[in-house]
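Input: one structure, supplied below.
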């Protein structure tokens, strides 16, 4: 299970501090990367630093960041949720359809419905994954098809036009508070809450335990099934919320809403330093990952580089990020090991 | 922790604590293939019941022609998944090879050189995946999501916004006419040929045995002198080059190519392989299963289209089949587990 | 668990149940396991698991590998449900539907292999699921770390509770496990070979802890390989053999010889059929082998027709040396020669072709592909020779497997069955067959008889002996002193990654080996 | 992110048809050109089956067009089968063509997702005696199969008029940009070509950038935002695609401050744009009536199938309420075609009259 070394009664403090600093450096690193991209872009185009553009950076990243929160919860348990994109599309359309026919429906209800739709699908994912013990990759891949299919049957060639969505609802998509877009505020609140919970509550620590060492989780009596189910439930619900925000932001929705988000989210989460095989990673990191990717997308256009470079750069960045993680963990392991060695020689 | 071959599954782990597997897996597999045969017959009967001339040879030509590229990409992916890895970059590689071919052809290269170059790109791309996974030790799911974006991005840089056409009709016809005097599409014939090879390699050669061993127990394979990493690298190279080949076929069939050719196909390919009974954890699966899966999906697609069923239903059908394909094999065990728990409570 | 839900009692560590116990016999037993059985398919792991624990006693559970101790422990832990038999706690019959239940009943376990969460902090590993809470049911990390530090203090070790568990040495992992168990204030504490990886100093400290626990009324079930430890720390001893209860006796009423006899069921010399060796030319020649952070400057030779044993504590680097010789791990420096030919670094295949075979320590993960059939496992290392036109000849494969199955008296129902269906002993025979099929000149065998019933064990030993007589060179790694003493012609003792002693068969005995392995004066006297 | 996304093209116009443009311009693109040849307009057969194969089944623009086609065939006592995939790819349309062949349909009306990828399959259909009509986005199969293209409007005319509209709005000077659909959308590109050509007439207007939103609202928004920060003194945006223009409109609507300097025009569905026109976010935009397009295609298909129409240059055929149409001469890039008519310019005065 571990790198076996000869007994050491009192490990030195050294590796600990270094390890932690390196880990902390992770979120910091992404933040710096964001600032770097932002700075460089601003240098060659000052307009990029205008309040409006910054607001746009936040709005553009909001949805993926929100989905990233749920995805992090799931991935931390060594699972994955590929159905989020389809959930966004379905929940967004259902809410839009409701508004179309009940224009006076209270705005809050719109969000409630969207979240409920997402939660329902998340529950299915969680149930099949935990009870039938089916790999979540397969389950959620299948659900990606099914949900998108159902979406298509419901949409059936219709679109929800901006006119049919109450301004009070779309306001969430563009109104700002002290210059900060509501969209960003909502997502920030979710990220903060989730981040706090993931650090501070037993049940959320269980998630890390399950992903970190499933055997030990069983022995520690962690209700793995229930926890994983909850993770999927939350991921689904947040995807539903994202659907509502998608509608609020774009004021229109057809069958294509949220297509392809699943891989974008996984990419953001991985760039954000969440280990794809579970056990480690933070919600904040995932959110920052989303912001970084979006910042790069917009920086390219802003610096008048052809947008055709987005894909390649995003891909290269993702590879760089996971390679960096690997290098990091190796370096940590080595530092710890040599520390043990040094200790032994005492 | 020392294992540089991470496994995708918490389930597998908790098994090693609580239970130690069950019965001979190959029996379950046999059952699965026969189940697929039944489904296939069902699909054909269903199809012919809906349209009298469903079973005429032309239709089989159509099916072969429509499924060709996806089917071909499914074969190397089967081998990759057998070793417990995954390659999500297949469709992007298909698009990239087609793009390179079109790009060079439109720049005056001879069509044959352009094709050769496309295949070389396949080799390089596959090698990149392979090295990052096997040598650097990164999780293949993250790596290939990265290269998924990277390959597509490069294609976009090369060709967008253009569409290349005007390939020599002598070649483009093979995409759309059956082989002389038969009703077999070229791509279908190529697929069947490759399938036979893949089947023999996987089920009758030391290499195939090695793949299974790696998938089931990477460490044991390594301790038996199997060069796990080297084999994995070559598998990814194989995947790359075969997908590049599929890209060439698709380009010829369409007599045109743009950078986004085949976008999103990766999930269809993965779905077919898993539906064919290949375990996402590796070590279990047969080529015949995958061939059957291809046939079933192709037949259903054809039948539903000719019945003019909404295409969304086809997505739902694929998704549901996929779910069933994983739930059923696990169902028995799930029930046993629940019974076991009940007995302990009693 | 509710007991420790509020951070305070965790911090305080108030052991004891409010009653003073002087003579445990007078009090009712705190735990009774009666005729428990457990089977896994063909494998009968436990035939008759019976044990009785009284408050304030330290109770040794002795038995060879495969005697069923670990299964018994897992039943007490609630990991396995017993197929039959009865479990009483405080006189009440109970059934555990999971580890949580067992823990709630006041039983806590220290497992043989540490089961930590590598990504979580040391403190969190200890208090997983019961982290001390502050305001708003928020985890109080400060309190948690304090609590952890206090436990470490009781154990007399310093370990930073805030560091992540990844990268901890085995000993430190073991310490965390012990701390975890202590943190439960359990009335029954089961220690499954906790000392295997500890230095004598740490062992001594552990005994101190056990005394404290007893004084506070807890019962300690102490499982160990080192018989002398039973005498050093326990009042009563229960002996198991081949999955069954043999006897329970007060420690003062038994001798080491009695214990060994009832453990193995016959006298020592009967157990190890050792033909005096006639060592031939050098087969394996290891010089200044070094792997940074793991072992240093290892030099030794193994000759034709002799068994050389690598002894030492778990974590001393024995297995690692073997892995480096075979090429699983790369060596940092030094050379490995097989019959004069130097082996390339980190290439198992090359080692195999040079005539080296490695029967690894972890049969399930490294030795066998559990879900492959018996014959496929036997053939796995020889596929190259079974080919025609690149294809595996199933007939030859069967043939090969059958040959070795008969030569090793493998007991199986069908060749096509997976090795999962075999008992531990027969699984080990499959591994041996797999390697002998390549007729190697050097056999490296790591823990030859771990988890094997006594019968098969003797077979394996006889087999090894005959192979050596036929001129095979054997490098054996074993944690079982009896096995080392019984089988080895020479014993090389490792300590903390370095060679501590190179003993001839004559020089080697329990005392000399343990002294070298721990670098201390003998433990037994206490 | 550009990973695994379905590229969608909602409104996509005819493939580059430069010469036809010229030809049409020459013969003043009216429906009453002096016939060189003539075809006696006999009435269509009853009970015809026409397969409508849109770019995909969810494309709202084409859903409207298909409805028009259905109405046409109802009037003629035949029936329409709408069949396609969920993705805008040739691969998804081919099974539908095959289905039409298997069902012995009389005609296929197709909006090609790919200019050439469909030709071989359509050839098989033609050889099976099925008449081929292309609409919305032409196929270029050379001589086989011969087919009739229903051109929704003359490409050059749209390209130039878009530029003119914008020029009028911004006083013919300042930086402008184009928000297009997918970079691979041939028709959009052809059509951007005409815009560039027309811009030569406005020396003070500068096309600073062309960005691609892939007809995905999210992507469109991202590139639009990038555009705005890259070119702070942008005066105008042309978005020749419904998703692009409505996304941009929604953004301007929610950032009214920009409206003082920025003008948006392009192609949009009145139903989607209504609210923006009413609140002044968008002054003018263009489109033709997709319902009429489908209706015309339906009549053309039925006519060809029952011999009452032919591909002969100058031959006329009857298109119900739309009156009679004349087949225009083939050109190097396009076979025989008819043009629906000039596009409608929508503004506050007429927007409420339209329900598509």
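We just call them A, B, C and D in the order they show up, numbering each chain from 1.
Heads up, the rule we're going with is that contacts are C-beta pairs under 8 Å (C-beta built on N, C-alpha and C of every residue); 3 or more make two chains touch, one makes a residue touch a chain.
Treat the numbers as computed from the prediction; the structure is a model and nothing was measured.
Of the two chain pairs shown, A-D and B-C, the one joined by more C-beta contacts is A-D. Averaged C-alpha coordinates give centres for chain A and chain D that are 38 Å from one another.
For the pair chain A and chain C, the distance between C-alpha centroids works out to 42 Å. Chain centres here are Cα averages; for chain C and chain D they lie 75 Å apart. For chain C, residues that reach two or more other chains under the stated contact definition are 79, 118, 166.
Looking at chain D, one finds that residues 1-6, 57, 86, 183, 212 touch two or more other chains. Contact with two or more other chains is made by residues 1, 16-18, 145, 148-149, 152-153, 156, 160, 264, 267, 310-312, 314-315 of chain B.
Under the contact rule stated at the top, the pairs of chains that touch are A-B, A-C, A-D, B-C, B-D.
Partner chain B is touched in their complex by these residues of chain D: 1-7, 56-57, 81-87, 90-92, 94-96, 98-99, 101-103, 114-117, 119-121, 182-186, 189, 212.
Per the touch definition, chain C reaches chain A in the complex via residues 77, 79, 98-101, 103, 111, 113-120, 124, 128-131, 133, 137-139, 157-160, 162-164, 166-173, 197-199, 201-202, 292-294, 313-317, 319-320, 495-497.
By the touch rule above, chain A contacts chain D in their complex via residues 45, 47-48, 50, 52-53, 56, 59-60, 63-64, 148, 152, 155-159, 161-163, 170, 173-174, 246, 249-257, 259-260, 262-264, 267-268, 293-294, 297-304, 307-308, 310-311, 314-315. Every residue of chain C that touches chain B in the complex is listed here, in rising order: 40-41, 79, 81, 95-97, 118, 166, 328, 348-349, 352, 358, 360, 362, 364-373, 376, 380-381, 383-384, 386-387, 390-392, 416-418, 420, 434. Residue ranges of chain A in contact with chain C, taken from their complex: 1-11, 13, 15-16, 19-20, 199-202, 205-206, 208-209, 211-213, 215-222, 275, 279-280, 332-333, 336-338, 340-341, 344.
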